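Chain IDs A, B, C, D and E follow the sequence of writing; residue 1 opens each chain.
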């Protein structure tokens, strides 16, 4: 009994926490009379969301799609560059500082240039999502490879395996936990990237919706947009968490196995 | 001889690559007559930087300072939450989806709210830098802890060590490579956060400078600002790389030891 | 009263899965030196985990010093089968680890660091690792790692010492030297020892009692007292009674395999 | 012509640091079975790394099949001292690993997967791991891991088999069984074997030639041919000439330690 | 004055640019201090943001588009924020296009693509502009872009027209190599749109508790504004003093463009600087309500506080 109760708690902890936070948020908004144009209460956000359900969904799809495309490119590029950086010291030395510098720059600054080259809308959003999110993948893959235990590598080397074989058979599997950790960060950044690009130049997407809503001071709708992004982020995260569980069971065998 | 040459190449690869890229950039700008208001050539950026050296430095200090403070908070919070998430399944289940959702939201959206509470300037910038950069630290620390080999943990457990002892003596040391990988991502995000906040709400900092410059159409100055941020990012990165080298030599003992 | 006591202990690693050990009952007296032998995979390491509280029995009870085990114990020193040295610590730092955890050393560490380091260095020297104290585990040979791990199990003078094939990667001479060292330590200041080994001569040389386990799921088949006088010298190992004991054990294990 | 040849080989792990092995010259004939014994830390594992091309000599030359070694070799099977199983692969997958790397298996793998799996299963069964093939390494006992690692070294029928204390974590009976299995395989279809061991009986039972190394920096002190007739049975190990051989080796090693 | 200075924090609607000169001058020359005010001036991020900052009490006073105030008041009937000094007598919003496109009259815009941020005053007031010029509201296609991108898109001929503040977009287009004689400008004010432009606004709390301070602020500002109009060249120095990054020449042009078109108009010559006429105020509010699709029409008298204006004699422009 007690055991099941605990399990139930753990399973639903997330919902309960969310409900709790929404409740607190509502109470604060109502209690302190926080003006709606500043920080709308969840109830206001909810009714705004319901009232504009269809346009919100339409914009959400656009954002979801661009984000996924940008993210997919980021994963591929991050993996390839991460492998290069983690494998070849010269690439590491040459590329890493440059990438760090590049990544410290807010990507919004490039959107205007992208707009001029690719027109407003989907392409700049995809590219921004890509530019903002490939770096964590790269860093984590490179670190995973560089911290590979040489003993495991020796197993493959003793078989006369090529560098590529070693990468495929031990490097990448060993770097998988790092990789999945980075996906969780990268997907959230990808959403940020596409939304930001949409706020700067697009007629579509949640970013546009938020811009439009805030220009008519409809903060409840802005927050509805924010929450839709958050929900999409969580959905993607759950997907990765599921994949991670499948693919890195070996690494998560400890007492905290259930944890990450 | 040949050996030294190779060493020299590796050591200076980064500079050479930067010079090469600057050259290509200059050639493209001059060759294709890219208009300066769109994408200024390095030479234009350079002269803009020299001409406004003092105000740039003043703004750069402001940004550097706010970023470091926000980043420091992010590291502490990220570590603490990461430890909690990586150690307690219930915290993981409850908090993680929420954090992922929260992190998918562009933090700019919160700056106006922060301004109302804290006024414009340093505090919102610090908070934005913090909000944007604590998540990678959290994710990597949590993953590092969750993938801890139970065998190593058993060593401590067999001594009757407390949870805290285990964390201090094996959890954290084992998670260090993950932690350092995340610092590299987090510092770049912290810069992005403070700059973005400054563009929205500040009279100071590189973000303000870029906004002011772009509203007076001085793209060369905008790019000079971008480059200053990039340089600051690289400086911070070099600091972490140095620390990483000192503290995680054990993990980087493989053939790619020099790499990351 | 028995210091370590097993009552009908079984353990399955997976819920409802196959048993790793089954219905084991045994008791070890305070300051007794026991050895456990048995075929590979029979559950010897599992038994060790149960004693040290790293695993919980699926059924049955384990008591230490009269109290039922409800988690890791504080008076234990354990040398794992795989040495499990922490890769970010040098040999010396690895050996010092228990002193950072276990009382009373822990609270004295700051004041007496020099003294404790000398203690660790003495042990390190005794197992023949002098000169390697500042090396990292991956710079040590397999046998050296094992010796460092033995030092780590001994440094805090545990009441209960558990050794899981501690000498497996050592050559015969180093091994015999360490036998003698262990016996000396034990006689100077007695403590309880549980030793898992494949080397029957080792078991007979060191132990007061030898338990023979059946192949998995492990059960205790034979309990044999070794009534050879202490201190035992290496010369004893060539004696007739010694050889006889070894031979009997060998027969037992041989018959297990055939079953 | 010698299949494996060392010419005055020395190795220091750190540039300018202490030598791990010093001026080793030896040659192993095609299909010869040699054993290397010596005190812990004397450089036996280092020697193995040199043969397999995992390390490069600081001075001197290593040849395999007449060609100087310039990196990892393709015809080698190696069982490491620490089993080094890949933790994300099950026992079967670990054993199959060489077939995914080494030609001609590699290119046939897709077509003949079933057949190769049967091959792997046969080996797994032979070392007594049947029923554990879908377990992950951390679900195996120490000795089981070691046996899986032996299978992985054998599966691709390497021309040169290198075993670094392959039976150290096994009980006497399992160990002797595997001796016989290894000898059988070797006689069915000969290959060259280099075996590192601490068990002198093992060395004498299996090897054509036993090399005794001095303590670090390791040098070859004694080369001893074991002229016991093949196939050797376990009964031989109780014979007088066998015991004599073991005794001589023991003396050699004993005298090394005193020096 | 012996009594301690009243603190006022003030938010601009945008960065420190030419048109902020009178504010910064009043601060720098101590005009605010003379009124017993301790003023701090911060840059802003758009008119809507400035209204919000004042509405939440984060700032006591601010500078924002009057239409943004209308929009805010429509949604928050009892907000109590009021405009106290109308600096831009007409909206600076305008349509810009290139001569080469052959768009000469508003009617030619039908079927064209226009770029502007969704929050741009010109874009939001488009329905009003269209109505006054016989265009269907939905006869154009909008591209939503960040403020700084629209001129680039026009300069690169990627859109047919843009809307923007007259003095901003004109200078931005010039900076992109489009000269004045290539451009067709249709200022909303010249095409029948009656909207007022930016005003100084004050929070309900300020107006209720320290109306004297608000009036004092206006007096000091009015003084600085007159000086600015008389000598823009020295006035703009206060901007570059506050923000060394600004390009003085550019900001001087911006300032004079704003003064000439938005500040010095027939109406201000008549009524004095800062003032409004109730009729036009109502018209301006109605147009905003209509254009923005607001649900209620705020009361004109509640939105502008005539009592805070300095003596009319001090607000009359010299001839």
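Just so it is clear, contacts are C-beta pairs under 8 Å (C-beta built on N, C-alpha and C of every residue); 3 or more make two chains touch, one makes a residue touch a chain.
These figures come from a predicted structure and were not determined experimentally.
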- Minimum number of chain-to-chain contact steps, chain A to chain C: 2
- Task: Using the contact definition stated above, find the chains touching both chain C and chain D.
- Result: none
- Message: If you apply the touch rule, which chains end up adjacent to both chain B and chain C?
- Response: none
- Query: What's the rotation, in steps of 5°, that superposes chain A's Cα atoms on chain B?
  - Reply: 180
- Item | Maximum centroid distance from chain C, chain identifier (CA atoms) | E
- Task: Please compute the C-alpha centroid of chain B, do the same for chain D, then give the distance between them in whole Å.
- Result: 49
- Query: When the centre of a chain is set as the mean of its C-alpha atoms, what distance in Å lies between chain C and chain E?
  - Reply: 84
- Whole-Å gap separating chain A and chain B, where each centre is the average of the chain's CA atoms: 16
- Query: Touching two or more other chains, which residues of chain C qualify?
  - Reply: 82, 138
- Please set out, as single numbers or ranges, the residues of chain A touching at least two other chains. 38, 112, 116, 150-151, 199, 248, 251, 253
- Listing for chain E: what residues touch at least two other chains? 52, 56, 148, 152
- Just spell out which pairs of chains touch, all of them. A-B, A-D, A-E, B-C, B-E, C-D
- Touching residues (chain side chain A, partner chain B) in the complex: 9-11, 13-14, 16-18, 21, 38-39, 85-90, 92-98, 100-109, 112-113, 116, 135-136, 139-140, 142-143, 145-150, 153, 177-178, 180-182, 184-185, 187-188, 191-192, 195-196, 199, 207, 210, 222, 226, 229-234, 237-238, 241, 248, 251-260
- Note on the structure: In the complex, chain A touches chain E at residues 35, 37-38, 111-112, 115-116, 119-120, 199-203, 208, 211-212, 214-217
- Once bound in the complex, which stretches of chain D touch chain C? 13, 37-41, 43-45, 81-82, 128, 139-144, 147, 164-165, 168-175, 198-200, 250, 253-254, 257
- Query: Which residues of chain E touch chain B in their complex?
  - Reply: 9, 11, 14-17, 42-43, 45, 49, 52-53, 56-58, 147-148, 152, 155, 168, 171-172, 175-177, 243-247, 250-251
- Parts of chain A lying in touch with chain D, wherever the complex brings them together: 151-152, 154-161, 165, 169-170, 173-174, 176, 248, 250-251, 253
